[in-house]
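Here chain A shows up in two complexes: once beside chain B, once beside chain C.
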Partner chain A sequence: MPEEATVTVDQETQDAINIDRSKGDFRFPERNKYDAGRGLTEKTIDYISDVKQDPDWVREFRHRALKTFLDKPMPTNWATEDLNNIDFDIIRYYLSDGERPKRSWDEVPADVLETFERLGIPEQERAFLAGVEAQFDSEAAYSNVKEDLSKQGVIFVNSTEGLKEHEEIFRPWFGKVIPTGDNKFSALNSAVFSGGSFIYIPKGLKLKQPLQAYFRINSENFGQFERTLIIADEGSEVMYMEGCTAPKFETATLHSAVVELVALKGAKIQYVTVQNWSSNVYNLVTKRGLAMEDAEVRWIDCNIGSRLTMKYPGVIMKGERARGEVISIALANDGQHQDTGAKMIHAANNTTSNVVSKSISVGEGRSTYRGQVHIPKHLKGCKNNTECDALLINSNSRTDTYPAISVRGNQHATQHEASVSQVSEEMLFYMQQRGIDEGHAMSLAVNGFINDLVREFPMEYSVELKRLIDLEMEGSVG
Partner chain B sequence: MPAHTLPQWFTDRQATAKERYENLPMPTRRDESWRFGNLKQLDFSGFQVADPVDADALIARSEGLESTAAKFVFVNDALVSSESNLPDGVICLPLAEALESHSDLVEAHFMKQESRLGSAKHAAWHEASVTNGLFVHVPKNVEVDGTIEVHHWIAGANALCFPHTLVITGESAKVRVVDIFRSADEVSPGLAVAYNDLFAGQNSKLDYIALQALNEVTRMVQVNDTSIRRDARAKAFVLNTGASWARNESLSRLEGSGAHSDMLSVSIPAREQEYDQRTFQHHVSEGAYSDLLYKNTLYDDSKTVFSGLIYVDEGAHQTDAYQTCRNLLMSDRAEAHSMPGLEINADQVKCSHGSTSAQIADEEIFYLCARGIDPARARQLIARGFSVEVVERLEDEGVEALVLSFVDAKFACITNGGA
Partner chain C sequence: MSLSIQDLKASLEDGTEILKGVSLDIPKGEVHAIMGPNGSGKSTLSKVIAGHESYEVTGGNVTLDGEDILDMGIDERSRAGIFLAFQYPAEVPGVSNANFIRAALQARLAEGEEIDAVAYYKDLYDKMDLLEMDRKFTARAVNEGFSGGEKKRNEILQMLMLEPKYCIMDETDSGLDIDALKVVAKGVNAMRSPDRGFLLITHYQRLLDYIKPDHVHVMADGKIVKSGGPELALELEEKGYDFLKELVPA
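Showing the complex of A and B:
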């Protein structure tokens, strides 16, 4: 559909649509000083580099990545053909209001504040937040690291600042966990990345409060290409939370982030995501963690919404006794495809990994689990456990599971189990008999299905998650 | 077989298949159906269709079950011996003869399904080149007691053959067929591109057992296609102990409610043997049941690939489908890949799959040692027991004993007797 296409609707319908808009489904007039225009060429790259005043090595990095992106074929030999519907020529790769990142709430523009208000950031700021790196369009519109944190040596900045001001810390790991050529979309991100968080936790520091960032997409046809790199130095601990809601637009939006985590010896990183994209977003994300000796990387991931999500958080267990874990919940509604999974690469002795994935398909939604477990030769004592459970709500719902488990040698143990089921008639009948209507009974059953995973999320996320699921389940039965 | 005796439809099919074989591309690394597979094994140049040799000696070596309902011996696809005590009405003929005498029946069932698990090119090659095999048709209400036993020998250096087995059961009929694939000697490289079509009619019982014990310089591609009608029960079992490389593709299509499919396999690779197995449980109709159990015991530098998919069509509600692949790793150099998959387009479905890879636990060895069994013997016993669990599902003492005799023969030629 051409982006100019408009549909004429009568006033009544218009009103109905306006009233019906759910939370997070709103937008403000665009106000951008820098715009790289539509399409992707060498010029786009130079434009981004100029605006961001990239150091020369970053500019070269971007140019090399563009070449890799153009050379790589779409992975449609295993992934969905829907990828071919992405029109890279109508996407705007860089958009910014050109204002410097804000330091306090008072300086944030009123309309941006209102967006955050509706997302519930201020309350969370009061309750939990240590620092906010809130992203409005591609630049951080607000940035605040609490003073005591910076005193402790924590660096919490956006990617531009990270590469410029702290090159000696970030450059050695930048693009090392996920090389540019890892896949077509990691190459795309490497070429045009802007925004995202760069975090460094110094040795031995165990952060009690989670760090948090909210991402938003707020310009039609505008893709966000955040780049996040978290380095937890020896013996440190950090939890990072990221959540997304996006306003609805008429043409597809592309979101392609790269998130790299580095947990040095004995460190622990937990990365929590709750994503609720509108159903025209392509969310093609590459996320991978590197766990050194005795380190632990945990991905806690919830995907709701989007047209197509392809996301397989991975952990490379590079040091002995390293641990990797992926806990994921996916909910696919009409017109949505959640293609999620996990990648566990065992590269040292006595490493253990655990994957628990639960998916719910509602209406014509499709959820897919894709996994890889790799245990190479000459290692000892590696263990993997994978469980995936799928719940189908309607008769036209769809679910797929495609794990791949490679084990070499006889010193390891892997197990994989998957099941597919539906909410039993008896359970619904039992609840209805006690005066709960069918819709609520279904919601209760679905919440019960994922309850043990929801508990892994921080408290305010699990509350939000339950609300989101109730919302998604509305009208799915009866 | 002289060309003029063949029905027109068959020569036409072979001509089209030849064209398809030539036009289809070779599988590449980008093909999901060959993921983790070894494409180098697909260089089949140098193999040639060969005449039968040493027929008498091979007939003498064609030992299997103590008693059979019928017995056939093929050497390089040529029939060299046959005997039969089958009930009246049962058609059990070499395919070459059946093409003449029961042309319509063969045409209605011969290679009807398109090959979807990666070997379309090799299936076309088989279709274009097949000259013989076994055709079995058991009419309505006829039950064959006992087993039809078929020996396929590959003899001579670089011999190429295309064994085909086509089994049809009518309503409420019953039959069991065992194919045994072996090489005449241990040193001549050979190649078998085999295909079997199984049709289980309504409420019938069809058991098919393939025992692959070729020599370790021979390769094999085997494609199995099973259709199961309402209330019918089909069992397909594959044993792999031989060959340097074997690729099995097994597809089961459940076409009526109450249809029941058991897909079973035991593989025991050692040295540098590689087995590559792809399966597909296709639930076309609602209310059907399928259960897959594949077990691999890997020694030395061997490698296995298992890729299975349960596919539930839209509207195939009340499906019960299960899939389990277990790998027992007996060496620290062996390599097992498992890709158990599910694609579900219906609801009110019970599906699950599981895959495990592990070695024998020290506790198990300790337990047996504590009972006076030495550690090597203990490992042997556990490895054998691991395979027995699948073999027992055949539910026929004679056939189970036959399969286990191949299993034991394999253990006997592994270092330390499979310990």
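Showing the complex of A and C:
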């Protein structure tokens, strides 16, 4: 008897698998003091630079980036044609109420405060965070770090403030890990960036609590282009977490961030993302870290929302014994495409990288893994481990894996494993025979699949992931 | 009060008839054993009672204490009191045994009711002790990487925890060494009660040395061809299944 390969998803199952996207599905009327208008031209750049009172070097940087963006073709030679559906002419590239980021929630405008309260941010800050930045459309509405940390030299501000007030630390690294021309969307971000975090952790300081940024889109036909730069000085440690939501609009919205991490000698940066954009957001993000001698960069990434996500966090291991890691979970539901992966560039001896990627495709959802591991010939003692596992729930789901491992020389150890599995009819029958209904059986199977990776996320973190955890952890207490 | 099977007929999706009219009554308090050669339909009978969707019931009915169960979903039948100890239990990667059994118990509670974690673990540990199972077992994923013997013990543990009205055990003895068989039998015998019926499906008489049946049935070619007391199992052991040929009309 051939085993039935397809499992149809009924509404109950769908509900059990679905993350609570309704949580972020609300919006307030716009009240923008500054609006760059629709479309992207030299004038848009000047408008943004004027409003932000950019120094000349930044204005020039933006203009050069715009040219690069316009020159570069859409990467549809390897990526999805859906990119061609982005209409750059109807997007508004900068929206803000003209307020500076507040240091106290009491000073944040009522509608913005209510937005973040509904998302649970102030509550989380009180409970377990060392600092928070909350961005509303183009600018941060709130940004604060615990006083004792700022006294010890921790800097946690938005990028605008970073480039002006801390130019001596900001400028040498800005655009160095991810050059403007890295790809079309890094160029776009470089032209119109606004918001995002600038973080500096002084030598030897190990932050016990995480820093968090929350990115919120409130306006339709808007593009959010935050720019984050984190520098962990020698021997320091920091965990940074970001969350994102948007209401569900009728038309597509664009989110295109650039995130650069610099871990100096012996430093450790963990960057945690729980992406829960609504299903009309194009999420096209470039993220890369530089790890110097004995340093470690870890990307812990969960993508459960958006229409299309393209994101391949990378680590350049530039110093000896540097370590890079990407842990990623992607869930592609009906109408979604999660195109994610990892880039590991070994550039020194005895460097180690690890990639563990798990994707779940439900209904018409599509998951793609693209990996790149590069170890050049002249190096010795480099190691890479790559594991990609895909779980398919119903016959229409699609998953593709494109691993590219270029290893030159023979003094390295690399390992690659990939698997595609289904929630089989026999597994469901077994669980149902124990009295568990199909929906719960399915969610148990899904949560079991990602269970080992969910442990990598800070437990307290996000409402969205907590729900995921709850489903499986339902009573894991002992 | 019984699990009653009347003239049950079932086919595969391609139309091949596997059960050709099985009738069997298992009153509470009794242990029935079904023996028979491979391909006689024993395992299919257990799956059809549990509601496996690969089979279509084409005739007859199955009632649980008078209630028709053939219209119920798989999970409903389980909650109504049917338990199937699988010959080849499925693996559920990443889901711990403790969470899995707890989810099964939770499914039996009314909306809003929660399992008491302390009482749950006490109960779980007591029953694991009876089956001589290591405590580490609770954290292991369901059946993943389990030996054959561990899988069978796990089935019995779930049966002990869920306290079903009727236990159907499909070839629980297969792949067990004698020590494991004794442990499994101890678990089953601990559950025997006037409020519970058992259907043991087995190929060999050996299991019945440890779990004494009240009635033994022989199945061949989709039907029960002979019924009797425990002595029938011994006769079968002695003569082999070849003697069935005399019973099945050509």
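The rule is short, and it goes like this: the second predicted complex is superposed on the first by the 441 of 478 C-alpha atoms of A that agree within 3 Å, B and C clash if a C-alpha of one lies under 4 Å from a C-alpha of the other, contacts with A are read in each partner's own complex, and residues count from 1 in each chain.
As a convention for this text, a residue touches a chain if its C-beta (ideal position, glycine included) is under 8 Å from a C-beta of that chain, and two chains touch if they have at least 3 such contacts.
As the structure is a computational prediction, the values presented were derived from the model and not from experiment.
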#### Entry: Which of chain B and chain C A:Y430 touches, first, second, both or neither
second
### Query
For A:Q422, is the partner it touches chain B (first), chain C (second), both, or none of the two (neither)?
first
### Task
Figure out whether A:M74 sits in contact with chain B (first) or chain C (second), or with both, or with neither.
neither
### Message
Tell me the contact category for A:E438 with respect to chain B and chain C: first, second, both or neither.
### Response
second
### Task
Using the touch definition from the top, say if A:D400 reaches chain B (first), chain C (second), both or neither.
first
### Message
Contact-wise, after the overlay, does A:N447 reach chain B, chain C, both or neither (first, second, both, neither)?
### Response
second
### Message
Just to be sure I follow: which residues of chain A are touched by chain B in one complex and then by chain C in the other one?
### Response
none
### Query
Any idea which chain C residues touch chain A in the complex?
12, 50-54, 73-75, 77-79, 83-84, 86, 89-96, 98-104, 106-108, 115, 117, 120-121, 138, 141, 158, 162
### Query
Along chain A, where are the residues that touch chain C in the complex?
1, 4, 424-427, 429-438, 440-441, 444-445, 447-452, 472-478
### List of chain A residues in touch with chain B within their complex
77-78, 377-378, 390, 392-422
### Task
Would you pull the chain B residues touching chain A in the complex into a rising list?
30-32, 35-36, 314-315, 317, 327, 329-359
